[in-house]
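Down below are the structures I want you to see.
Two complexes, one shared chain (chain A), two partners (chain B, chain C).
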Partner chain A sequence: MLDLIELGLFITLLVVGFFAGTIVEKRHYASIRKREREFADVLAFSVRFPPDRVTPQRAFLVHGTVVISSDYFKTFVAGLRNLFGGRVRSYETLLERARREALLRLKHDARRQGAKLVICVRFETTTISTGWAASIEVFAFGTALIPERAAAIDFPARSVVAA
Partner chain B sequence: MKLENRAPAEGINASHENPLKELAWLLAGGLGAVVLLVFTVSFAAQWIAPRVPYKYEAKLAASLPPFATTPDNAPGRQVQAELQSLADRLALRLDMPSEMVVRVGYREQDIVNAFATLGGQAVFFRGLLGKIDNEDALAMVMAHELAHLKYRHASAALGRGVAIGVILSIVSADLGSSAAGNVLTTAGMATLLSFNRDQEREADEAALRALHAEYGHVGGAVDLFNVMMRLPGGRQSSGPTVEFLRTHPLTENRIAAISQWALKNGAAIDGPRRPLPAGIAALNKPEPRR
Partner chain C sequence: MLVSNLELVPGRRVVAHYGIVQGSTVRAKHVGKDIFAGLKNIVGGELKGYTELMQEARQEAVERMIAEAQSMGANAILNVRFATTSIAAGAAEILAYGSAVQLDGV
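On to the complex of A and B.
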C-alpha cells in the first residue's frame, strides 16, 4: 500500500511539475518578450569602453538579479539526462529565461536612473540549491553612462528591437 | 558606428521541443537499461546458485548464528520434534540434495510466517501454526519451504541481492537522492521481486507434487491458502496491492494455480485430511477475541 502511495505521489509531483512548469514558463517568456520591447530604448553592450563620441558625464553601476527555480519535471528529466549525457534541454530554457530576465532588470535599473546606455555588461551565475529542485541566481551588471549631450550620440532613439 | 540592440535570438540557445518527448526517450532508455541489467545478473545468480557445491553454502551458514532454533521448554521441544519428523517424511518425496541436512526450527513468536534459509534451515513461527487446523495444510507450508531449500533459493537470493545491491547503489550514488535515481532503483527492485515470485511459484509447484505423492490429493494447499485469505488485511495481506511490487504472488493467483496444476496432473483437489500432531494441535486454540 505504501509503495502505491509513493508511486502515486511521484506521478502527481511529475504531472504537477510538468503542467505548472509549462504554464509558468510560457507566461514568463511572454512577459520577457513584452518587456524587451518596452525597454528597447535602453541599450546594453558588452564592450569595455564607451563607444566613440560618447563622452560620459556620469557613469555608475547598474545591475539586475533574478533567482529562478526548476520544477519537479525539469529536475527529473535532467536527472535522467545525467545518465546518458547530451543537451540538458529542460535546463536550457530555464537558464535562457534567467539571463534575459536579469538583463531586463538591469535595463530597468538603468532607465530608473536616467541612463539609456549600459556598457561592459557581464553575467554571473550562482547555484543556490542542487537538491531535488535546482535553483539558480543570475546576476547581470554593467556600467551605465549618461552622455554630455544626447544629440551627439549616433544611436537611434528607439532601437530596432522595437520593430 | 551605429549602436543598436536586436531582439534576442529565439530557438537557438534553448530548444522549444516538447519536453515529454525527451522524458519518454530517457525514461525508456533508463528503465530498459536497469531492468536488463538486473534481469541478466539475477538470471545468472539463479543459474549459478544450484551449481555451486552445497558445502560452500553449508560453510557460510555455519559461520552465521543458527536460524533453526528450538525453544527451551517441553511443549516447544515437542512442536519442534513434530515439525522435524514431518519435514523428514516430506523430504523423501522432494528428492532433496543428498548432502543437505534439513533442520527445522520453531520460534514461539506470534508472526504468521515460516521461512527457509541457508544451510538447509527452515523456521516456523507459532503464529502460523496456530492458524492451521490439519496436517495437510501444514505439510503444504513445509513442502513449500523444503522446495526453497531443494532449489537453493536462499543462495540464489543472496547472490542476486549482493550483485543487484552493488549495481543499484552505484545508480543511486551517481544520481544522488534525485527522483530519477529513486525511479530507477525502484524499477530494479521490482525486477528483482519478479524473480522472487518466480521462486515462490516454483516452490508451490514442487510442494504440490510432494503433497500429492504423500496424501493422494492437494486439499492441504487449498486449506492453507484459505487460511491466508482469512488473515487480517484479507486477501491482500499487508503488502502492496499490485503484484509487481510484491515478494509473493497474490493469494488468489496462488489458489488459481493449485486448481490449474491439479487439473493438468489429474490430482484430486479434495480428500480426507489428517489431524495435526498433538503438540502442534495444542497451539490451535480457539481464536482469542480481537
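On to the complex of A and C.
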C-alpha cells in the first residue's frame, strides 16, 4: 500500500514537473528573446582590449547573476540519460537559459550606469546543491566602458566609416 | 576606486603595483529558502532567493577587496576575478581578487 502511494506521488511529481516546467521554460525563453531585442544596442565582447579609437573616460565592473533550477521531470530524464550516456538535452536548455539571462542582467547593469559597451566578458558557472536536485548559478561579469567622445558610443559602425 | 577585470586600462598608466588584494565571504542559505527551493525544483525556474544571496555575497566580497586596496593606498584594482567554492552542503565561499595598482589620472 505504501509503495503504491509512493509510486503515485512520483508519477504526480513527474506530470506536474513536465507541464509546469514546460510552461516556465517557454515563458522564460519568450522573456529572454524580448529583452535581447531591447538590449541589442548594448554591445558585449569577450575581447580583452577595447577597439582602437575607444579611449574610455570611465571603466567599471558590471555583472549579472542568476540561479536557476531544473524541474522534476527533466531531472529524472537526465538521471536516465546517465545510464546510456549521450546528449542531455534537458540540461542544455537549462544552461543556455541561465547564460543568456546572466548576460542580459549584465547588459542591464551596464545600461543602468550609462554604458553601451562591455568588454572582457567572462562567465562562471557553479552548481548549487539544493537537496535531491541540482541548481546552477551563472555569473557573468565584464568591464563597461564609456568612451570619451559621445559620438564614439555608436561604434563599430561609425569607426569603420571613419577609417 | 576603479575596479575592472581588464589587465590594462587604455589611456591610463600604471605607476605602482601593490600586489594582490582579495575579499571573501562564506555564506549559508537558511532553511526557509531551502524548503522553497526544494519546491521550486519540482516546477523549475529561477530561485530568486538564491540569486539575491549570491549577489549580496559577491557585493560583500568586492567591498572587502576594495577596503584592502584602499588601506594600501591604491586607486584601482585591475584583473579582477571571482571564484566560488562550496565548502559543505549549504555553505559556499565567494572570493574576489585582483591586483591593486596606482593609476595616473583617475
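To be clear about the criterion, the second predicted complex is superposed on the first by the 150 of 163 C-alpha atoms of A that agree within 3 Å, B and C clash if a C-alpha of one lies under 4 Å from a C-alpha of the other, contacts with A are read in each partner's own complex, and residues count from 1 in each chain.
Methods note: a contact is a pair of C-beta atoms (placed from the backbone, for glycine too) under 8 Å apart; a residue touches a chain by one contact, two chains touch by 3 or more.
Just so it is clear, the structure is predicted and the values come from calculations on it, not from any experiment.
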After aligning the two structures on chain A, examine chain B and chain C and state clash or fit.
fit
Contact-wise, after the overlay, does A:28 reach chain B, chain C, both or neither (first, second, both, neither)?
second
Applying the document's definition of touch, where does A:141 land relative to chain B and chain C: first, second, both, or neither?
second
Pick one for A:72: touches chain B only (first), chain C only (second), both, or neither.
both
Please state the minimum Cα-Cα separation between chain B and chain C in the superposed model, rounded to the nearest whole Å.
12
The intersection of the chain A residues contacting chain B with those contacting chain C is 13, 72, 74-75, 131-132
Within the complex, which stretch of chain A touches chain C?
13, 16-17, 20-21, 24-25, 28, 48-50, 54-56, 59-61, 63, 65-72, 74-75, 94, 101, 119-120, 122, 124, 126-133, 135, 137, 139, 141-143
Chain B touches which residues of chain A in the complex?
1-4, 10, 13-14, 18, 22, 36, 40, 43-45, 51-52, 72-77, 79-84, 87, 89-90, 92-93, 95-97, 100, 117, 131-132, 153-156, 159-161
Residues of chain B that touch chain A when the two form their complex
1-8, 13-17, 19-20, 22-23, 26-27, 29-30, 33, 174-175, 177-183, 238-242, 245
Show which residues of chain C lie in contact with chain A when the two form their complex.
2-11, 34, 37-38, 40-48, 50-51, 53-55, 58, 62, 80-84, 86, 89, 92
